[in-house]
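Look at the two complexes coming up: subunit A is in both, with subunit B in one and subunit C in the other.
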Partner chain A sequence: MTATTKTSHKYSAKSILESFGIGIALLLLIVFFSVTTEHFLSSNNITNILSQVTINLILAIGMTFVILIGGIDLSVGSVMAFAAVVAGKAISMEGFGPAELITVAIIAGLAAGFVCGLLNGVISAYWALPSFIVTLGMLNIARGAALHITDARTIYSFPYAFEEFGSLLFYGIPVVFLVALALVFIAWVVLTRTVFGRILYAIGNNEEAVRLAGHRVFRYKVAAYTICGLTAGIAAIVYMARLNISSPIAGIGFELNAIAGVIIGGTSLSGGRGSIIGTLLGVFIIGVLANGLILLGLSDFMRQMITGVVIIVAVILDHYRAKYAS
Partner chain B sequence: MATTILECAGLKKYFGGVKALDGVSFNLAKGEVHALVGENGAGKSTLIKTLSGAFAWDEGTVSLKGKPYSPTDPREAKDKGLQVVHQEFNLLEHLSVAENICIEAMPRRAFGFLDRAEMARRARAALDAIGLTDVDVSTRVETLGIAHRQLIEIARALQSKSDILILDEPTATLTDREKERLFAIVESIQEQGVTVVFVTHHLDEVFRICNRVTVFRNGKTIITENIAESSPERVVQHMIGASLDSSVDESRNHPTFGELALRVENLVHVQNPHGEGVSFELRYGETLGIAGLVGAGRTEILRSLFGVNEIVSGDIQLDGKSVRFRDPSESIAAGIGFVTEDRKDEGLVIDMSIAANVSLASMKKVNRAGFMDFSAEQRNTQQRAGQLKLKYGHFNDAASSLSGGNQQKVVLAKWLESGPKILLLDEPTRGVDVGAKAEIYSIIRSLAVEQGMAILVVSSETPELMTLCDRIAVLANHRITGILDRPDFSESAILQYAYGQDPNARQQA
Partner chain C sequence: MKIQHTIKYIALGVALGFGTAQADDKPVVGLIMKSLANEFFQNMLEGAEAHAEERGDYELKAVGMQNETDFESQINAVENFITQGVDAIVVAPADSRAMVRPLKKAAAAGITVINFDVALDADAKKQQDFELAFVGPDNRGGAKMAGDALAKALGEGGKVVIVEGNPGADNATERRLGFEDSIAEYKLELLDSRTAHWETEEANSVFSTMLTAHPEIQGVMAANDSMAVGVVKALEAAGRDDILVVGFDNINAVGPMIADGRMLATVDQFGTAMAANAIDQALEVVAGGAPLEGWVKTPIELVTQ
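This part shows the complex of A and B:
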């Protein structure tokens, strides 16, 4: 009872502490690349890393919600492409001013992601289907829809303000990365400070106990998938702003990078355990590794192999952590 | 009697401080059908597990065919001729009957290819051996009924050399016709010289097909009797023991209760096999116990009241109004709490904090516009912990860090936080040590007496019900066979009702 004043913060402090090991791993990577390469710590390169991780970070935030409840979402890469072409179609309409077009495009893109996520959630939760299969289906549907809408053609030429936003820097930090960081903060608040977040963790741990405690598990599950779809929509807008195109073949394989970030960040694939801070660090480990290895002169093929090894090592470490905890 | 094939002397087995077997001595004669009976937890299942090599015993000796016997794993037990058909099925549903029967030693041809013809031949022979000639060996197991699956398990067990076949609760899920078939097969196995051990709750079956019966009580064997010289009443007496009704508190014989809380009329839920419902009433301040054997339908009543199990027909009145809950959220809102039987699977979110578990059924109390009110949660948890004398390190520790008794208190705390008027308790002290048990009893009593809660409690431990309850309803096969008031409480009456006997009928000499 002596620790009464501090304990209300312990809930989140604990989740940060759990990410400690991953933080050290990231730090070691940064030190290693700083010593072994000339340009790693240059401001240009840091800007570079930050803009490279942005999209994966946004996707991984939503993915964290889904994995925390014991699910998986394989569709986020395709949904991102679908949302991007929907927004791209909206933004290339004629007869409107740039402000109106941008607003409509953002709303359309977010709505497209939202709807895909909602469908993933409703279908997998209502029929108690494995989310692996349902979202694999959505992966194909969204990709096919994106190609169909555009006739497999890339959409170009967006309003200048929109393109500018994508490359805007704030003291060397890409503004789109700050957007992603703001989303990390919101997700952190939701997961550690709200009743909704508490119930999501509990569902990942023991769905039946949560149901018997009077919570409508169905709604929470649908919400988690919808959040994941929505972040794919946000990622789509950021992607368009950065590259100034809407391509129906964007985002292939992005779902796997997002999942890798979440898992390296220490979130358990079986649900119930993990944190958004871990996801942030996990995404950075992948990003720093990619950037640093290329600066070291390694080929992209080598980079892929090493990233793969890191994923497996992370899961093995998680196995021991889970054993240690129980 | 014929030659003794297996002899147990003074078997003891401890799990931590709990004596699961506390002196088991009996023998099996070659070619007999021998029944093992006793209340839930009397030690029958533990005995079977030790004999079949699942784990070793701590003291005592067993000899098989005159030689010392102590199997180190199930394989060795099988090789020595002791086969067990377990209560829960071990069949691979998506495979064929033939594959299931041969799974332990698949016939091979050169290069490790499966010899399908030989497999089918062996399976056919195994089925024919027990008279199951009407089942095609290529049928997939999932298309077969429960009874056939049972028989296929027996056929599988018997295809290897068998001296002893142990059947654990083989009739639990069978219809009468299916039972007849099983009995015929048991008889034919017996004629082949195999000893059959029959573990069951149903005394009528014991007297129908068995030669001898051994009675278990509290991990001990009490007596072995020849069926011809015994009677079901005598067996029940042995199961209960001599010391009866020691602790009935006379002062509680004429209590006064509050308003009618719950009236249940002809409640039939989906698991009820015969459509004959149960009816009872429960008043505020009253504790009603539900006794009965495992499988009698006790938990299902609680689950259907709580809106988990589907209700087929019948009427539930809460405070005089008909209700029908479709989801736990509705029953909780109506003031019902449900302490489930299984802490780990249904009660606790075991890897989350004690505080998180305590508030799980009453999140409204810690909800400030969607945000967690951690200080309120902490206050509520500390208050409940004090009320329930919870022993814990820190309320942010995971629930898994607690002992069984304290885990159970966390489950209780969770439901008390939800502010129930009616509390459903399923096996409230299972896996709880003696000290914590007494504390939980006094908590439950004070909820009823001081807070006027209406309490419905299911338990397999008759003394527990006799301590806690004002009345006890006894279930047998989803029917209430008797409701006892406190002055009439006795283990023998409860057990007789549970076995479908009428304790008021004159005992036969």
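This part shows the complex of A and C:
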């Protein structure tokens, strides 16, 4: 136990240094776009970037937990769509006041995400299956369920207060982004200041050792996937509030953006190394690139190529980090 | 994806097997559509099923795909229908080149083939020496109707942007060309044109950024309504009510937006009736009517307040 705690302390300190490098990369990008484009640093554009990264950030927070234990969750985009249509169905029930509807919808959406995550965790941990396959299955189940529930139709027309919430600004900062930031803070506390968090890192480093130390690895793994499902549920609520629709085809490919954010943020795909602050910065690098390259007037195809290059460079850097760490 | 395919083939096999056992002397029409995950095709399927029940003089076998580009399972569906000896195949091709060869094979097997929704590629048809008429809407003409509505509202010199569909998709290209036709005819100024892959959230992000880069935008042409919804939300978030938006498809969600003026117009291509119309045409040919030629245009209509 003491051994594991020590190791994760070391990694936590190290990961702050690692995040520092990513922070510099982000800063360079920001400086570059501020110089080359006219509007990048305008307050409007900053508001835009913050609301554009919000959903990916929320998904990436949950994804960080799963990747830290050496897993992967391919289902988050579909689970988000499923949670959104469940919440959409709840919010368009008749005979209730707006406050009740919003409450029920939020609970229903979060519960839908929670259950999908729980299933991912229980199935992959109990039978020790590759999470890649289990969550690929869940990707199909959740998407199919979302389409089935809605007959492939988009749900729209929500209570006014709910629609308002999605575009509410607090001194120019989207409130939904503040929600995401609060989640980052909670995740940071959980991962760096609790025994639970340290054990997650330890599982990513050496699952067998954690098991031998007498911990119920199964429970921790299930918890990581459940957190990831829950964040997909939260992302669904934010999606609905921002766009005022629940679409069963929402979120296709979002899992890949979330994974990219986590990886660019320096979390190792093999688990045990990384940080939530890195994820925050990684998500911002993707968001700033997408925004800045449009402002520069670069074509969509170039934009996609550059994002791809950034992902690969991040993984190469991670390779060297892993080498120096050992 | 493999698992998905396997399940689908089993389902298809069971469906087809069942169908054959039931067949009587009514003509059998095989309907092959694109993604049933798209509201548009879901409506189309319901329209066709209602139509089959109403007419009652033919048997309908409908097959849908998992996604818009799943042409591999469309090819398999065509081959299965050939094996079964259906009387007609009515198909909305997922890929306008890849589907030419299997459909030629079907036609050679004596099956009446009707191509609707998206036209097969003219060059590919010529290359394979295969003649086939097309029953469907004029996407380019439809987009031009929406574009013209916007252009008339803005007047000459109006500054516009286009939000495009999937790059390379035939209807995305046609709609963009239609928008560009309006821009040329009414001398509008095109500030930017970008894809948002038909998707609401992406359209919202991409358009907010376009608006930052070009605050002087006066009008937006979105290649489908899902993206138009994302654009409208971006405008609300930016507090801009001076920018006009047109879309395409007339999905349910844009009804209220057109009613209260957040959207100027959209285009209805009557998806519900489209498959049913194509089936009517197929049955006429099966019953001994003259084969179709060229492009049989189906109705499109501009929807405004």
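Keep in mind that, in the parts below, the second predicted complex is superposed on the first by the 311 of 326 C-alpha atoms of A that agree within 3 Å, B and C clash if a C-alpha of one lies under 4 Å from a C-alpha of the other, contacts with A are read in each partner's own complex, and residues count from 1 in each chain.
Rule of thumb we're sticking to: contacts are C-beta pairs under 8 Å (C-beta built on N, C-alpha and C of every residue); 3 or more make two chains touch, one makes a residue touch a chain.
Note that the structure is predicted; figures quoted are calculated from it, not measured.
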{"item": "Touched partner set for A:59, first subunit B, second subunit C, both or neither", "value": "neither"}
{"item": "Touching partner for A:300 - first (subunit B), second (subunit C), both, neither", "value": "second"}
{"item": "Which superposed partner A:84 touches (first subunit B, second subunit C, both, neither)", "value": "neither"}
{"item": "Touching partner for A:311 - first (subunit B), second (subunit C), both, neither", "value": "neither"}
{"item": "Subunit B versus subunit C as contact partner of A:211, first or second or both or neither", "value": "first"}
{"item": "Subunit B versus subunit C as contact partner of A:175, first or second or both or neither", "value": "neither"}
{"item": "Partner chain in contact with A:44 - subunit B first, subunit C second, else both or neither", "value": "second"}
{"item": "Shared subunit A surface residues [contacts with subunit B and with subunit C]", "value": "none"}
{"item": "Residues of subunit B touching subunit A in the complex", "value": "306, 308, 327-329, 331-333, 338, 340, 345-353, 356, 360-361, 363, 366-367, 370-372, 374-375, 378, 382, 394-396, 398, 400, 414, 418"}
{"item": "Complex contact set, residues of subunit A against subunit B", "value": "1, 3-4, 7-11, 14, 193-199, 201-202, 205-206, 208-216, 272-273, 325-326"}
{"item": "Touch list for subunit A against partner subunit C, complex", "value": "37, 39, 42, 44-45, 48, 51-52, 55, 136-137, 140, 143, 147, 151-154, 156-157, 166-167, 239, 242-245, 247-252, 290-291, 294-295, 297, 300-301"}
{"item": "Residue ranges of subunit C touching subunit A (in the complex, touch as defined)", "value": "3-4, 36-39, 41-42, 167, 192, 194-195, 199-201, 204-206, 208-210, 212-213, 215, 226, 229-230, 233, 236-238, 251-253, 256"}
